[in-house]
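We just call them A, B, C and D in the order they show up, numbering each chain from 1.
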């Protein structure tokens, strides 16, 4: 059983300087409540792992506007003008990772693999400084697992065991990040009684989830 | 759209000597109809990739009883007396693979990775002859992707696009093998009209499935 | 004809019935408008959609159903949702029949650059590196030049997206195919003289004396 | 008390509330009978079950719901189904709090052998290598010896399951804990003299002068 916590309690768990995975894709499937609360709380020096930076005011946008992020690991940041400005000025350190590599590195951390061997990025700037592993005459990049102190994820439904169900393309990185954060905090759209999510509809078993945010009574 | 085929047509696709992945776990979630049909057809020299060999008459059992299999790649064969006898006599060549490594090697083939780096098996007999890759001071076995000419899988429901839904622990290896077979043949318990499986319940998108077996009119 | 529509219509001819296709942002997105729905093509998006349809009417959108650009879409019958790991499993694993992408530069070897202009703009590669590495077929759909500057060059000066050679380049002026011996000009847009194409192209184009025109039916 | 039940009851004391536990075949399976259901323990099985419950009454079984041995089970409220890759992701990824397994041999270093007897019987490792490598805690639950032959040995002669040291060994005679300096005898079964344990054990056991008895309440 997992006790639901308030959004303020969730924010209180996350210290300045933490490494935070944030789910979502172009602002869809993002735990927006906790993003805004972290921005309002003025967190500092976060390392943020997120597929993209959406736009200035969507997805992780508020965290950049409030200068919470020192380092960003993502695959795309082209549509957020604040991120572009902070990157240009040197305020924001950025590691760009191909999207398929990003999600698979996160999964590798979550499922206990030592890294991944991917053809993506071989012979490009992305390969610089990385080990190449040959398997049966083909070259692959060894990309390392990517974990985080916290995974902040969103779900459509959650029960009090922490079981999660997602909806349509709001699924995206959520089930993968749920595997990889040392502490996993979920902001669901609804909390339902235990047993209301059929076993085959649970995409993330509650054993992976540490805290569930309850936004209303 | 995928046309449903008969079990005889499916058997006709699979030549002697083929490499065949067969889903299921201790006889649960196995496409039993095609297993029996392959045994009855007297296929020869198959290489079979299966989690386990269940018991003499369940799961892949009939394939051994009919001497269809020359090489077996599995994680467990302790409860099938025919397999034990064929292994002892040298009729059956066996490669034992830890279960987590087996499923991840199949997944690697399906998702285009060059192999997996797993801690499982390091320092054991399983590591013999395999490359060790060090990542940040830890040792991992490099285990290679595992593909097959055919993946024979079972599903609870299937539509005419080939979308598959599974039920409870009959899920097991099915969704992973569906990614990795060059030709994927599914034997569902029922075929339903397109659109009847909600998008979030589809566990294997039909784009991965080549043929669907229709057992009755 | 609007150049973008011309490109989209020509690319649409390359799409096989019942294939799985990923369309990039910009001109590639337009391609789906020129396909017969009876062909049974499934459109995949990186964010985890298999079977995307058009944007629904106002009032019928849902924030849980979007494309890789974050725009509202619909699902066709038989569509399914997958997570990001599965989505890139399809892409990198060779299950995607075709991706249509834009470019900053393409060169004579068929190498693509489309994710950063060092010192000027770094949007990031998003899913492009995986798409170009993993898709069975890669088509570049773009305008022939940008602000008077050639985009089809001798050798890419911008960082590459992949070592892999793209399969076809379609612009409002021409269709080009990179091969072992270089970049072949295989079609001209209607009423575009060969000389215009050669002048607008920095790369060396291999061509016969009579380059056929695109056949855009209807 | 039946030796197997004694072992199961002692192992049950090691299980933490709200933990995720995998029980191997044989004696380990019995452990769940001696846990208070209010503890909120979730039982995982390799074949993809999280939240397994007991075998349902005759007539209420379903062939789609089984444990890793292929036996019919039920699901507790809040249970979920996962595929085999996810199941071993939980196991190898360190999400499993405890696994309880049987053994052919365990040695002074805490190394386990439980998957083959070369030349005699090769069942295969199934999920055991991943379980022992990945679980946060590994407990061996087994009878102290097999047909008069010691199973707790100086050094395993059978092929190892993992390099990893198991955390605890529970038999019908004793509880032992492998540490850096060797194998510690930490508890005796009720009314079993120290000398009997030492005689039945090939491995060297480190112990104080007064080894406490197991406390099996009720």
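Just so we're on the same page, a contact is a pair of C-beta atoms (placed from the backbone, for glycine too) under 8 Å apart; a residue touches a chain by one contact, two chains touch by 3 or more.
Being a predicted model, the structure only gives us computed values, none of them experimental.
Undergrad: Going by the touch criterion at the top, tell me which pair is linked by more C-beta contacts: A-C or B-C.
TA: Top pair by contacting C-beta pairs is A-C.
Undergrad: For chain A and chain C, let me know how many angstrom lie between their CA-based centres, rounded off.
TA: Result: the chain centres lie 29 Å from each other.
Undergrad: At what distance in angstrom does the C-alpha mean of chain B lie from that of chain A?
TA: 32
Undergrad: Can you check how far apart chain B and chain C are, centre to centre, with Cα atoms defining each centre and the answer in Å?
TA: 35
Undergrad: On a C-alpha centroid basis, what's the spacing between chain C and chain D, in Å?
TA: Averaging C-alpha atoms per chain gives centres 55 Å apart.
Undergrad: Where in chain A do residues touch two or more other chains at once?
TA: Correct list: 104, 107, 111-113, 118-119, 166-168, 171, 199-200.
Undergrad: Quick check on chain D: which residues sit in contact with 2+ other chains?
TA: 75, 81-82, 85, 88, 91-92, 134
Undergrad: Chain pairs in touch?
TA: Every pair of chains in contact is listed here: A-B, A-C, A-D, B-C, B-D.
Undergrad: Across the complex, what residues on chain A touch chain D?
TA: 1, 107, 109-113, 159-161, 163, 179, 194-195, 197, 199-200, 202, 205-208
Undergrad: In the complex, go through chain D and note every residue touching chain A.
TA: 18, 20, 40, 42, 44, 50-51, 75, 77-82, 85, 88-95, 134
Undergrad: Residue numbers of chain A touching chain B in their complex, please.
TA: Touch list, chain A to chain B: 104, 108, 111-119, 133, 135-136, 138, 140, 142, 144, 165-168, 171, 199-201.
Undergrad: So in the complex, the part of chain A that touches chain C is made up of which residues?
TA: 25-29, 51-52, 54, 58, 74-79, 84, 87, 94, 96, 98-101, 103-104, 107, 118-126, 156, 166-176, 203
Undergrad: Please give the residue numbers of chain D that touch chain B in the complex, ascending.
TA: By the definition above, chain D touches chain B via 45-49, 62-70, 75, 81-85, 88, 91-92, 115-116, 121-130, 133-134, 159-163.
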